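Consider the two complexes below, in which chain A is the common component and chain B and chain C are the respective partners.
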Partner chain A sequence: MSSPIDTTNNPAARRPRTPWQLFWERLRRRRFAMAGAWILVGLYAFALFAGFVAPSDHERQDRERFFHPPTIPRIQGWWLVVPRYEQVKAGPFVYKARRDDVKPVQFFVRGDPYKLFWLIPTRVHFFGTGESTHPIFLFGTDQFGRDIFSRILYGSQVSLSIGLVGIALSFSAGMFIGGISGYFGGRTDTLIMRLCELIMSIPGLYLILSLRATFPPNLSSTHVYLLIVVILSFIGWASMARVIRGMTLSLRERQFVLAARALGLPTWRIIVRHILPNTLSYVIVAATLSVPYYILGEVVLSYLSVGIQEPDASWGNMLTAAQNTEHLQSYPWLLAPGAAIFVTVLAFNFLGDGLRDAADTKSN
Partner chain B sequence: MSLLQVQNLKVYFPVNHGLLSRVRAYVKAVDGVSLEVAPGETLGLVGESGCGKTTLGRAIIRLIEPTAGTVSFEGEEITKLGGAELRRRRRKFQMIFQDPYGSLNPRMTVGEIIGEAIDIHKLAVDDDTREARVKELLQAVGLDPIHVQRYPHEFSGGQRQRIGIARALAVEPQLIVCDEPVSALDVSVQAQIINLLKDLQVQKGLAYLFIAHDLAVVEHISRRVAVMYLGRVVEISESKKVCRDPKHPYTQALISAVPVVDPDLKRQRIVLPGDVPSPINPPSGCPFHPRCPIAEARCKVELPLLREVASGHWAACHLAK
Partner chain C sequence: MWSFVLKRFTHLIPILLGVSLLTFLLMSMTPGDYYTALENNPQVTPQKLVELRAKWHLDQPWHVQYFYWLKNALQGDLGYSMAYKVPATELIGSRLWNTFLLSLAATIITWAVALPLGIWAAVKKDSWVDRFCAGIAFLGLSIPEVLLALLALLFAYATGWFPVGGAQSSLHDTLSGWEQFRDRCHHLILPAVVLAASSLAGIMRQMRSNLLDTLRADYVTAARAKGLSEGWVVYKHALRNAINPLLTIFGYSLAGLLSGAFIVENIMAWPGLGRLTLEALNAKDYPLVVATVVMATGLLVAGNFIADILLAWSDPRIRLKE
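Coming up: the complex of A and B.
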């Protein structure tokens, strides 16, 4: 038995806890943040396994089922079954479920071919009926008869990764440039900061559009994807650099930085080892809270049809289909990608708020 | 030969105003200081807050660029050395900082903090000798070597100050500038740290420039003491002489403010009128004259230089005898 004061014999007390461990412990106590984190883990897992989870390919069109409503499965006996939907009249696309014609939902069913992790060719999908007469459209279909649920999954590969890649690019640039600006000060600082202000003073959307206009309009989706990341990062690094510069200004006067200088550490090592790590808790919070801007940036560009091009899916270009108010009234499931954006942005904000509280030790 | 020789060192900070950042004035933080430190000796440096002690200490090891004057280390001038040259010399002179909470990087373990100093000057041939050296240093400053894995926030103020001392010792310096190393600590811990510094001095032959605002602490550790006022050294001598027989009226006032343990002993307390004048616009003549109880007419005009008032006892006062 060891008393709480006796730290030498208590193995738990002897084990050193890093600042990150303490941070993690504080974060774990915040329920909303953890809920946000788990939602994000789920969303990113779905994006990774999109081909497997999606019942059909994102380009597959069902010409007999335009604007098909969401399929509602129900339990019949021991089976989870889906009905067949029959079109009532051709014009405004009204469907009716045939309760007498049902097929059980099967798991690990064969369907459209795809490549798991962009490498392994396979046809196995997580769920489906295996019958083309009884397709499962969880979120309905769009004007080309494509499964919206599958397209959201494929689109999430673009929309979710663009946030992370964009943040990685702009924040590493912002940290590095801001660190240099703050540490050296003087003319370097003035020059860099005026450049940041120049970039920040131009309204974001116009800058995005004019930058996009400098490139040809008919690029492949991969090129457009890279282009969007670069454009958004080009705008995003400036605000990060400003904050990091401010933090560096205060950190460089701290005595541990003076001690590092007195030891004769080269400048780059002082910035990389002593200054930037001490801005990290802020950076992580800011990054989490900024991911939504990158996701929304892609949405805006794709919505204005200068982003990811059809038939490739992204949450932005899927929302383009929901522009038409008549369609939206009759087929509200077209808004499903909007809900996906909403959930993602909310989850990032919850997580970001939790991270901020956990990083700010004074709040406890 | 002296280890450290400072000659006529000046540190002026420009004060900028307005959009165009025109330099309107200078803060004369250190204004023509000369002093010497012999190998293995301790020179105390006392003075009230804002008199330029810390700036002087930092300028000597070139954490602040001096405006004018020279600093020589083992006869070699270091004020003109650039980049890599200076970094190589830095292992000869180190600094111990005032704030035990701010002087250690919170993101690094004790082992990393001390090890970095060893790495940067390539003082260990491989990882094993490096680790052994870190543990040896921790032991030398009275910490348990199992603490290498720990982070600064797990230590008390006194322990952190010991880590700071170990870091300074890691590069085997000859001179350590101690910038008020105990003023942020409890009195009981102060004594421990000061005794540690004294022991290390004997073991390793270190020289200290010991900055403090507490005369009692300085008298205890130093062989010689320099008293600073408004960026200048006003008195310098052996610590006994300065404390028993102060020559400069400012030092006399300082000494009279040191509390005495004997309640029956009645001493005349010299209370200085007014505040320390602004170093942006120091008074003419002797900078101390507006507060000096014995100032004369010429003190307002003529700047007194350090002169040998008694044998080995220097004071910057026209009237000192």
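Coming up: the complex of A and C.
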């Protein structure tokens, strides 16, 4: 595009771009990866502002509106209005929208108290009608009359953070142990690799459930959260360590490592500062693609009711309500948390795939 | 070849030993045992509990228990299920078979669909077929098994075409041989399809990229230059070499398959090992837990073993290197 004369005239263009800049440019060109990234930014923002965006508290039960269908807002004149839903039949809950009885949707409305960022007590919610006769249930309600949309938002705090914390734990452990294993070799290497093989030869969920059983069943949700992260990381580090070990084996023969050793640097410094940074592009791609594993791990554990306990919300324990096939057919909105999981995993896969293509300079 | 098989086989022993030891250690760390629930039962005297615990060596330290277990296991006795009051081997037999059946059916479906689609996508690279397959692969990779299994149950319930969960109908025993077989297949289809859907995507993408790699090789160009037909080049020259690396993938995919089977079994009420493990854990029936985990691991390492042998059989370089 630009002629050689242009580049010499422009001092900025003469400066060679760093590998990270090149990586970033390649990533920017991948539409799906960027879409995935933006979806994730949105989801994490929702999780951070869950209390504000959610119209009601995740524990609030509306005992007059079990299995309420999703509220459909519409435009009337200059207002966005929601109708009141009237129960037609009590047994199988059937509701009908009263089009003549509507209330306008208001923004920054007062509702259930919550703490913004777990710190600031407030009652201001993003939207609502401000009246208990006209609640807004965007995704309907569950068998206890709780707002599924609000619960998904509160649940996303668990599901979305568990992936990041889990990755941080298992990948730092995996990198470090793999680095040590590959760098030292010999008996240390054999021992660590046998341990990895052992962990990897037990089918994942069997090991996860056995590990979970070693702790009392009725823990508080905070404890269970930590426990799930630790258990999933305890299994996750093994595969990471194996790959990092393989990379370290070849890296340690390279000249820059020899130079570092000749300079008399301590071993840990060589591993942490000289060898491991060279594995980073692989690690970032692998990390993005493994986040879903942690999210799904929590979902399965909570679904089998050994994870996050009611009334606290998580995407897994919300799906337990969908276990009843009869309910599921009459009230399909019970699957909404499943859709949330799907969108999140899809976004991570899009981003991870794009990162891998952008990191792979050879095939271009 | 035989020395390779033998060598690989001896690799299995330390793994199974290690897994049983690890599971035993975990179960010993678990609070309470099967008899803890009986402690509050006024009909059971503390004296009786002491006797019962002594009978199953539960009063011993865990490593002593482990040696008792190992001694029996080597004689084919995997312990006694306290909840079901029968030997664990009796319970595991049919469950292991069910899990094996489910995994086998899922594997057959996966490969029967993934290989042709992968080949098709590679041959028609960058066409709408390729994009369509890539889209399907992305959906398959991203849809969680929990959600898919629930959707399958909903589908079965709404249409009535398939039974809602279970492995056989309640009238199974009264049916004739052929009808029993049809009944089992009818129950198997939906769980197998759900399980297959998740591993399908990975294998399809792998097949596509392998075939694309081989199609770039020099001997393929040479074959084309000779004037061979495109079909002959792809299916006779390139495909054979492209399939080889998939055998390794087969070994790797087994772990995911068994974990997936665990989810599918528990949601779709398929009476397999995973369901038994969960039931045993809830009942604190630890001998049964150890037995099921060891069996599931056995299934996994046996699958890996077969994959290794197949790989060595198809690629002489591997068996000569060892």
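The rule is simple: the second predicted complex is superposed on the first by the 352 of 364 C-alpha atoms of A that agree within 3 Å, B and C clash if a C-alpha of one lies under 4 Å from a C-alpha of the other, contacts with A are read in each partner's own complex, and residues count from 1 in each chain.
Note that in this section contacts are C-beta pairs under 8 Å (C-beta built on N, C-alpha and C of every residue); 3 or more make two chains touch, one makes a residue touch a chain.
Here the structure is a predicted model, which is why all the values come from computation and not from measurement.
Trainee: Chain A superposed: clash or fit between chain B and chain C?
Mentor: Fit.
Trainee: Could you look at A:299 and tell me whether it touches chain B, chain C, both or neither (first, second, both, neither)?
Mentor: In the superposition, A:299 touches chain C alone.
Trainee: Is A:213 in contact with chain B, with chain C, with both, or with neither (first, second, both, neither)?
Mentor: Only chain C is touched by A:213; chain B is not.
Trainee: Taking C-alpha centres, what angle do chain B and chain C open up at chain A, rounded to the nearest 10 degrees?
Mentor: Once the two structures are overlaid, it is 80 degrees.
Trainee: Using the superposition described at the top, determine whether chain B or chain C touches more residues of chain A.
Mentor: C
Trainee: Considering only the touch criterion stated at the top, classify A:29 as touching first (chain B), second (chain C), both, or neither.
Mentor: Neither chain B nor chain C is touched by A:29.
Trainee: Mind working out whether A:223 is in touch with chain B, chain C, both or neither, as first, second, both or neither?
Mentor: After superposing on A, A:223 lies clear of both chain B and chain C.
Trainee: Touch test for A:115: chain B only (first), chain C only (second), both, or neither?
Mentor: In the superposition, A:115 contacts neither chain B nor chain C.
Trainee: Return first, second, both or neither, reflecting whether A:123 touches chain B, chain C, both chains, or no partner chain.
Mentor: It touches nothing on chain B or chain C.
Trainee: Have a look at where A:98 lands relative to chain B and chain C in the superposition and call it first, second, both or neither.
Mentor: Neither partner.
Trainee: Contact-wise, after the overlay, does A:74 reach chain B, chain C, both or neither (first, second, both, neither)?
Mentor: Neither chain B nor chain C is touched by A:74.
Trainee: Between chain B and chain C, what minimal C-alpha to C-alpha distance in angstrom results from the superposition?
Mentor: When the complexes share the chain A frame, the smallest chain B-chain C C-alpha distance is 6 Å.
Trainee: On chain A, what residues does chain B touch that chain C touches as well?
Mentor: none
Trainee: In their shared complex, at which residues does chain A touch chain B?
Mentor: Residues 14, 16-19, 254-256, 258-266, 269, 273-274, 277-278, 280.
Trainee: In their shared complex, at which residues does chain B touch chain A?
Mentor: 58, 61, 63, 86-91, 93-95, 97-99, 102-109, 116-117, 120-121, 146, 149-151, 153-154, 164, 167, 171
Trainee: Can you tell me which positions in chain A touch chain C when the two form their complex?
Mentor: 194, 197-198, 200-207, 209-211, 213-216, 292, 296, 299-300, 303-304, 316, 319, 322-323, 325-326, 328-329, 332, 335, 338-339, 341-342, 345-346, 349-350
Trainee: Help me check something: in the complex, which residues belonging to chain C touch chain A?
Mentor: By the definition above, chain C touches chain A via 14-15, 18-19, 22-23, 26-27, 29-31, 138-139, 141-147, 150-151, 153-154, 156-158, 164, 255-256, 258-259, 262-263, 266-267, 274, 277-278, 281, 289, 292-293, 296-297, 299-301, 304.
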